[in-house]
Every structure is written in structure tokens, then in C-alpha cells.
Amino acid sequence: MKKTVQTAVMGVTGYAGMELARLLLHHPQLKGVPPLFLGRAETADTTALTEIHPQLMDNNGSRGLKVEPFSWQLLKDRGVDVLFLATPHEHSREMAAEALEHGLRVIDLSGAWRLHHARNRAVYKFEDEGSATAVSVQAKSVYGMPELHRNEIKDAELIANPGCYATSVILALKPLVAQGWIDLDRGIISDSKSGVSGAGKAPSAKTHFMYAADNLSAYGVFGHRHTGELLEQLEIHSEQIIFTPHLLPIPRGILSTIYVSFREAKTSVEIESCYREFYKDSPMVRLFPAGQLPQIQYSVHTNYCDIGFHLASDGRRCIIVSCLDNLLKGAAGQAVQNLNVMYGWSESEGLE
Amino acid sequence: MKKTVQTAVMGVTGYAGMELARLLLHHPQLKGVPPLFLGRAETADTTALTEIHPQLMDNNGSRGLKVEPFSWQLLKDRGVDVLFLATPHEHSREMAAEALEHGLRVIDLSGAWRLHHARNRAVYKFEDEGSATAVSVQAKSVYGMPELHRNEIKDAELIANPGCYATSVILALKPLVAQGWIDLDRGIISDSKSGVSGAGKAPSAKTHFMYAADNLSAYGVFGHRHTGELLEQLEIHSEQIIFTPHLLPIPRGILSTIYVSFREAKTSVEIESCYREFYKDSPMVRLFPAGQLPQIQYSVHTNYCDIGFHLASDGRRCIIVSCLDNLLKGAAGQAVQNLNVMYGWSESEGLE
Amino acid sequence: MKKTVQTAVMGVTGYAGMELARLLLHHPQLKGVPPLFLGRAETADTTALTEIHPQLMDNNGSRGLKVEPFSWQLLKDRGVDVLFLATPHEHSREMAAEALEHGLRVIDLSGAWRLHHARNRAVYKFEDEGSATAVSVQAKSVYGMPELHRNEIKDAELIANPGCYATSVILALKPLVAQGWIDLDRGIISDSKSGVSGAGKAPSAKTHFMYAADNLSAYGVFGHRHTGELLEQLEIHSEQIIFTPHLLPIPRGILSTIYVSFREAKTSVEIESCYREFYKDSPMVRLFPAGQLPQIQYSVHTNYCDIGFHLASDGRRCIIVSCLDNLLKGAAGQAVQNLNVMYGWSESEGLE
Amino acid sequence: MKKTVQTAVMGVTGYAGMELARLLLHHPQLKGVPPLFLGRAETADTTALTEIHPQLMDNNGSRGLKVEPFSWQLLKDRGVDVLFLATPHEHSREMAAEALEHGLRVIDLSGAWRLHHARNRAVYKFEDEGSATAVSVQAKSVYGMPELHRNEIKDAELIANPGCYATSVILALKPLVAQGWIDLDRGIISDSKSGVSGAGKAPSAKTHFMYAADNLSAYGVFGHRHTGELLEQLEIHSEQIIFTPHLLPIPRGILSTIYVSFREAKTSVEIESCYREFYKDSPMVRLFPAGQLPQIQYSVHTNYCDIGFHLASDGRRCIIVSCLDNLLKGAAGQAVQNLNVMYGWSESEGLE
């Protein structure tokens, strides 16, 4: 008899946590086994999940969904198999080692364990950087992008779920970079734009409606945290790519406009074939026909990463556009996709 | 062996049509039996559905989804059981009689067959008003609000799917009106606000981004088409209610702020009980605790109608707020809910 | 020789403060006499105003505009005549008495001094409520709505600039209430909607882009602070009006949809005449022709209050719609309008 | 005695026409001389301007502002000196020659006369391309960007007011290109984003609220009409720049993120000095301090073009961000700025 999988979610109050709760509650493989929702250990009280997220109510109210104070004992008592961390990266750094010791499989949505090179991690200023524990945990961490690392994910103990921007840029570039077609000396430029949910739920000057609405602003120029993921996953040097994030006046969605030059002239057919071949077994990537570009509206509320491109008449200069929902393929959806791979379920299960 | 149900959708290009396609394609009871999508008979060509709605693509592209030119023969050949009309009301008036003759069950999302009284229909100026055929079709029509007419829907040949505004107002008022608690002489006021998708997909001055964005406007004052539905379903007179629609600068969602006076003072507990009792078997209505009001953000992308209220300290004056997604509970979702009732499936199947 | 007027603005960081700065800097009567901008006394440093509001820069950068730490001595040294308080009401309560003692004329944009009746002030929970100083200051306070109190404003020492919602409701109702036409026993309902700037600049859960965008919510039901202003200025009782504010997903603008019943049937011509007569000398009120309703888009970025109405065929039930920009006619613009009246300038000077 | 200037505006119904009307009505040099507003000759009727744009009403209603049917005789009778064409480019092509024959000075806001090279004009497919008249008119046309062509504008008969995108890109690049600092072989990339008003007032699928809201899309890739202006004004070749426009879900505003490489490493100080020197006499350009980038919110509702930049640590790669209001500095505001230069008034008069 197939054993059911017990999931737990730490950090359900944020936007990604909310989406994760929704996805896990409706996941066909998890029917009858609702996730254990966990709040801070210091909070002694159990809260109804629907107090935090009224949209999860049903006709009977809260459906008995609770957020309980975290403890390792509680996880053990409930027989938790997989722990999702939808927590700030500081918390993920603190919790991962102990979770692994308890034999849990961990899917961490934060930036805590995504980067294998210390120079790329520097921007996070982790307090435990270089400690023996951190080195050991990092060694176990697998970058949770199924399209690139499906096999390692299957048996991974710790999944570092990718950054939202990073997912949009890496998926758009990897097939072409892997072919060696791009002239890296001329540099890649990714002009990326994200909706406000990417900035998190904590109220701040920049997430104020009056700041974001009717506005557009660039930020993190030459220094955004997701840059390290691009370098490691694309295996390129920092001077070979410029990544510029912008804050869009929309709730969710990312669009990256990516500029590359090819070493030799290519045809649209060659480029399209390259993408199709690379993603032929990847159900969560959608390729648009040459010359037709994806838009944010098509990918939000889905777990797809949409990719399209436009080749200049010289066959050398190419603009790639990729779109995704930063809370789904860029966070909670990709986390569930990783869960599916880890347990051998259909990769898109619960995501359509 | 359970026979599967074959659905067909006429008019898939609009917003409600798109939502209907999405819901039917993922409906658990319709697995392996995709709807037949139909376009105008005059259009000889078959189109990929994903050309119209790229968001319905998957990794393999169009998934073979086509929009085919309408003909009665085609419906017969494909063994269609239920025909959804997501067409303008003129088309629904023209098509319904023949569809019924062909033995099809019809779920019409337009305003063509919702109103039983000629004086309420006058605003539509139907060309066939009063004709024998129209009278006969109208007599078969059941107002498709399962919360009020569940039993008649089960065996109905023709479902008139309710208007989006009407759904939000009727569900909020029916339990209280049915009790006879409201002082109708003092009048009910429903100040309702809707997102732009309610205005349809045809580009116009009022659906231009520059008109709707950063704006709010009242329209259809003392004369909106949905008023007749309120009168018939609540069984009240036209001078007993004022219904004022407003155009909100958001894509989807309706919020109605409804003002009533009670004949005698009531308590919040009495009111809450009244609602709970009335909707105890209605999975698609969510009641908020007294004093907590629903918001548009909680109901969009769901098929719920959310209802909350706030009672003045005099126990007489009461403000009821109801919210729903005009494309789901206000259109395509309610249509699928009707389908579920018609075939004896769980009322919320495919809607969560 | 005409003496120029020296203004000072305390609290320039907020949205109303920013608009006030912009208006005063371009006011024809204040040419060459820029306002003195004041920040908290505790902040020892002088800041460039354009660091706070980059939109006030010109080609030469900051134009020498500074925010200086507040002190009474500084006001004296600079010969300040009029002090604008764009501060939270607690600060206005603290500062007004001393300002008056120093012989300054004060225009207070907060709710500190708007209400003459203690029962209406209760909602503010002022710490100094009932103190001799507070009583004395309140006695000097004039409600700064020129359309109603032009003559008292001329010589006022202390102007209590009206609330944004209150302005939209009072201006829409006063002419009809003054005529005694409205059946107050049937109750007035003002269903009002405001953009997010009305909630102030402090980041909070409710001003987060993700909360406000694509949403609509009612709040302050049966208890909003501006209600007292309606009661006092319209001279009605609390059970004669319901005022329900809603948060709109737009930066600025208020629309109030107001429902009244007349004691006796009226014609549209009578109503229009009533408004025209009442506002014939009020340049900042615009009346729309009968049946044509104002919209938020027409009044934002202006200092107008726009008023229109629609009369039911029974001549009794009437819907009035009023619109204004909550930061201009609802705050900074009305403050400058009061300044104009105080100094005998054209009432609309610097406001077109 | 100073003669007053009589202006006329053809095409006042659109967004730029509306802003132009507003600016001219409040222009200090045109006091008492309102513009003559002109509609299509075929429309025999005179309309109140405030019927089209209610926001131009005052307390007395329409203020006598009319839109009159166009005729050359009418222009002569009213002594028109300057004719603004806020018309589609086809109309401007038809009208310009005759206007110049009548001795009028013309400021054309369309794309009709901006491009001096036939290969750049090809994208417009002008019907009269290459005709003797068109060649002669084009020869008289001055590109109306005062920051680059102030002296020629002074005496120009025909001003071709620049495109909105083009203004944002040219002003950001010209100082650096003029110095010869940019490595043109590596290519310039301008990733530009515009609000929806740039798409015009005609309702279309792309200006529908449901298409633009909560969305972002690239368009006109490798082929936007404004590209020719960049080539001519920057004096570069088409393979040296990629310009990619995007449609932003906001009413107004353009932000261009521009990527350049310098031939030799530069310092931020050198770059800032280069800009300051170039724009020292240009009141409508605002330079942001190095490392601080402009945002759309600071420039909308102003006539400024805001420019900022961020230099990589290698001193070679530089990101320039420029912002403006597409209806003001990108259209009507720049047109008035040109008027100011033509008549020797202060360049920013009526624009602050």
C-alpha cells in the first residue's frame, strides 16, 4: 500500500506561503493529508489559518485548518516527511541542519542554500558563513530547478528552491548557453521586471501603494542577490551578464527581456529547435512560436515559464522574453514541482 | 457504466468563454471528454483555441484544442449533451429554441432568458419579444442560481445563468427578504461596484485603459438591466430597491454594499443564524463572522459568493457586503455549478 | 506697498504636505517668498526638500529648498504670518495654542480642531480634551470650507481644514439640506470611495500594494471619524445619515454616491437651480448638468469639487455623486483656498 | 507694444490635444487670447470643448470654449499665428504645405515630418513620399527638441515635435554620444517602457483595460517607428542600437533603461560633468546625482526629462535611466516649449 506523504509548512503568512498552502491543500497525491502549518515557536497560540488568509475558507468556515507553534517534537509526532521553509533566509540557515538531522527532507524557498560559491553568497552576509555545519548543509543542497537538475532532485535531502527572477532568466538562457552559441564577450543583458509581491509582505516605503502604483523604478542595479544564481547555473562570469530588476505596478508576474548576440548567425528555426529539444520533457515550460512573445498576463496564476524570442535580420542579435508568476513557478509552484519529482509523481501534478 | 457527458461551448472568445473553457477542460467528471468549442457558422475555418487564448497552451502547444465552425450537424455528430451559450443575448434568443428541439440541454450565460415578466424584459428590446416560440422557450427556462432553485435546475432543459451583479445582490438579500425582516417601504439600496471584465471584451471608450484606470464612475443609474432579476428573484417592487453599478479600475470582482432597514430590531446573532440556516447546504456561499466584511481580493479566482454584514447599534440599520468574481460565480463558475447540479455531481466539483 | 505674506509648513513629508509645498511654491501672490519648511524640532539637521520629494527639483537641483528643524524662534526670525500644520492631529493639538499666542494665523489640515461638540470629538480620544486651553482654542477655530463659511474665514485665527470625505459629502448635500427638501427620517446614505493616499504615507498592512491593488474594501463602517463633520456642518442627527467609506485601488480621488429622498417630488430643474444658486459665488465647485455624473478622473489634479445628480422618475429618490481630489480640494488645495480667502485674494488663485 | 500670439489647435480630442489645450489656456503669455480649437472640416457643428473634456470646465461650465469646424478662412479671420497639429500623421502630411503657404508657423505633434532620410521614413508608408511638395516641406522641418536644436527652432516655420520614446532615449544618450565615449560597435540597448496613453485614444484590443492591466508586454521589437529618430538625432547606424518598447499598465509615463559600454573607463564624476555641461542651459532636463535613478512617478505631470545613471565598477559598463511624461515632455509640453523658443519667451514658461 502506498504510504501517503506528510508535509509541513513553516512560514505560511507570506504570499509564497499562502500559495503553497493552497497548492498542497488541493494536491491530488495529498488528499486527506493536509499539511501541518507551523508558526513561530515563541507564539504559544494556535491560530485558524483562515484568520490569516480568509480566501482559504469554505462554506463551513476554517475547515479546521490551524497554524500551530513550531517544535521538532510536533513534527515527529505528526510523522512529517517533508518540511517546506517559506521563511526569511536567516531562519532557513538556522533550521536546515537540524531538520536534516531529524531525517526530514527539506524544500527551502529562501535564498539560504542556493549558492555554492562563497563569493556569490557574500551579498547575503550569512552569520554562519564558513562554519562546518553550513559547509556540510550546503554540500547536500540541490538547486531546485527540475528542468536542469531533475535527477539530483529525486534523491535530494535539501532542495534550494530558486529565486523568482533567477528562474525566469536561467530557463530563458540555459538552452542557448549550453549550445555555446552566445557570444559571452559581448555580454548578456537581462532587463527584468517584477510585480510587487516579489518584495514580500512586510509593509515598507517601497511596497506602499502610493510608491508602486502608476510608477516604474529600477533597483538593485549591478548588485541584485539573484545574480549569483545566474552565474552558477549558467556557468558564466559576472562581467558576462548585466541583470537589472524593475518594480512593476502589478501584484504578480515577472517578465525578463533578454538581449544576446550569437557568435555565428542562427535561424529562428535553429533557435526554436534548440529550445524544443532542451525542454521536451519539461511540462512546465511553454515555448512560443518564433516572433510571438509571451506576456505576463498569460503566465500569472499558472506554474508555467513562458519563453519566446525574436531574432534580428542579421541572425546575430536576439531578444528573448520569458514570463512567469513569481509566486508559482518563481516560488511555491516550483516548490511543489520539486516535491513531485522527489516522490516520483507526475511533475505537473497539482499544478494545472 | 456511467456515460460521460459531452459539452459544447458556443462563444469562447470572450472573458466568460475563456473561464468556461478552462473550467471544463479541468473538470474531474469530464476527463478525457474535452468540450467542443464552437465559433460562428460563417467562419469556415477551424482555429486553434490557444491562438485566441495563449494561456491555455501547455508544453506541447495547443493540445489539439480547436474552435470549429458551428453547425447543428456537428453537435449531433459529436453527441453533444449540453450546450453552453457564452454569446450575446441576441444570439442566445436565436439559438435556444432550436437547441431544445435537438434535445440538447442548454446553459445560457446571457440575459436572454432570465426574466419571466415582460415589463422587466423591456430594457433588452428583444426582437422576438412576445412570439410564440419565445414564450414557449421562456416557460422552460430556470433561473440558474442553485442556492435558490436547486431542485428545478436538476431537470431543467434550459438554464438562464444569472447576471453577475444580480448574483451578488440576490444572494446577499434573499435570506433576509425571505424572513420578511426588511422594511421594504424604507427601500433597499445596493451600491455595487464591478471590475472591467464585466463590460465585455469589445473595445470601447469605456473599456479603454485610460478611461477605467485611476477612475471610478457610476453608470446605468435607475436603469441597469440586472434590476429585473433582483425584482423577480427577491419578489419585490421596483420602487423598493435602488441598484447603482459603478465601474472599478480592476480586472475582475464585484462588491455590493447593501443598505437595509429592519422592521424590528435584530441582533447580529439572529442575522448570522438566518444566513447560516439558509446556506447550510450551499457550498459556494461563504459567510463571514458578524462585523467582518468580505473584500474583493478574497473572492476573485474562486467560485464563492462571500457575504458579511454590520449591524448598527439600533439593531435596525444593517449594511451587508457581498463579493464575488464576476467571471466565475458571476458567470462561468456558476454555469459549471449548474452543470454539476444537472448531472447530480457534487455542486462544487471542478470549482475549487 | 503691499506686504508679502510669509508662510510656513510644518509636516511636509506626507502626501498633503507635498501638494501644499508645490502649491505654495507656485502661488502667484507668494512669488519670491518661498514657504519656510519645518521638520521635527528633535531633528537637528537641515535637509534638502528635494531629498524627500525629488519631484520638486528643477534643472539646478534642489533650488535651495530646505526643511529646517522647527522652533518658535525660527518662525519669529523669519517673520512668519501663517503656519500650515500638515501634521498628525496629536501634534496639531499640541502646537495650536502656542502658535496663536505668537500671533500666527494657523491653517490646520488635521482633524484636531474641526469638531465643536465633544460627543463628535470622542472618537479622536484627544489627551487634552476638555482642558481650558483646548476649549479656548476650539472656540477660535473656524471650519475651513469657504463655500459655507467664507466670511468667518476672512478674519479667522485658526482654520480647521475639513476632512477629505467630509468635503465631498457636505458640499453635495448642503444646498438641499439647507432648503429643507430632504426627508431626514428616511435617512441619507453616503457610499463613499477613496484612493489610497487618503490613508497616509506610513506603510501599513492596508496601504501595502498587495492589499489595495485589484481590491475594494469597506471600512470604518458606522464609525468613521469624518462622520462628526457631516453632523455638525449639515446640522443633522447621527441616525439621519449612514456614511460608509471604501478603499479604492487608485492613488487619489474620492467619489461619494449619495442617496436621498425628498419630502415632496422635485424636478431636475429645481434641483439644478438650487445648486447653481448656492454655489454661484464659489469658483471651486463645478455642477454637472442633470443626468450627467462626475467621475474621479475629471477632478483629480484639480481643486474642484464636482457635483452631479440623477433624479428618479418619482421625483423623490435622488442620487447625488460628488468627486474631488482628496489631496487638493480634500486637503492642501482647500488649505490654499482658505489662505486666499484670509488674505482677500481671488479664491481660486494658485489653484488652476 | 507687444503683439499677442494667436494659437490654433487642430485635433483636440486626443490625449495630447487635451494636454495642449490645458497648457495653452493657462500660458502666461497667452492670457486673454485663448486658442482657436478646430475639429474636422466635415463636422459642420460647433461643440463645447468641455463636452469632450469635462475636466476643462469651471464653475460657470464651458467657459465659452468651443471646437469649431476647420477652414483656412477661419484661421485667417481669427489672425492665427501658430497652428498646432495634434492629428494623425496622415492629416499632418496633408495640411502642412498649405499651412506654410498661408504664412502660418506650424508645430506638428505627429511623426509626419520628423525624419529627413527616406529609409527611416519607409516604416510610415506616406502616400506622398518623394513628391516635390513633401520634399520641400521636409526641407523646412526642424526637429523640435530645444535641447539639441534651440537655434534652428527660433526661426523655424515648421516644427516636427519629437516622438515620446525618442525624446527619452535621445536626451539620455546625446551628451555621451557627442563626446564619442560610447563603444558603438558593442551596441546600445534601450529597453523602454511606456504607459497606455502613448497608444492613443482609439479603443483597440491592446488599449482595453483587460489587456493592459496587470500585464507587461514587449512590442514593435526590431521595428518601432521611433527608431529612425534615434538614428538621425544620435547620428548612429541601425545596427548600433536596439530599441525595445514595452506597454506598462499605467496611464502615463515612460522609463528607458539604456545600456552602453564606454571605449575607455570613465568615472561617475566625468559622466555627471558631461551631462551637466551639456544641459546647463536646458531648464527642462533634470539630472539625478550619480547612483540615484529617476522613476516614472517623479516626472509625470511635469515637463521634465529626468536622467540618472549607474556606472559599473569597471568604469566601462553604464546603465542610464531616463523618465518623462509621454503627454508632456513627450508631446504637448515639448510643443509648448518649442512655442516658447519660437517667440523668445522663457523656455519653461507655462510649463511649471
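Labels for the chains are A, B, C and D, by order of writing; each one numbers its residues from 1.
The criterion applied here is as follows: contacts are C-beta pairs under 8 Å (C-beta built on N, C-alpha and C of every residue); 3 or more make two chains touch, one makes a residue touch a chain.
Computed from a predicted structure; not experimentally measured.
Distance from the centre of chain C peaks at A, each centre being the average of the chain's Cα atoms. When the interfaces A-D and B-D are ranked by C-beta pairs in contact, the top one is A-D. Taking the mean of the C-alpha atoms as each chain's centre, chain B and chain D sit 46 Å apart.
Remark: chain A and chain D have CA centroids separated by 41 Å (rounded to whole angstrom). Residues of chain A found to touch two or more other chains are 211, 213-214, 249-251, 297. On the chain A side of its complex with chain D, the touching residues are 186-187, 189, 191, 193, 211, 213-218, 221-222, 239, 242, 244, 246, 248-251, 253, 255, 257, 259, 261, 293, 295-297, 300, 310, 312-314, 317, 319, 321. Across the complex, chain C meets chain A through its residues 15, 196-197, 201, 203-205, 207-214, 249-251.
Of all the residues in chain A, the ones that touch chain B in their complex are 26, 54-55, 57-59, 61, 214, 279, 282-288, 294, 297-299, 301-302, 304, 352.
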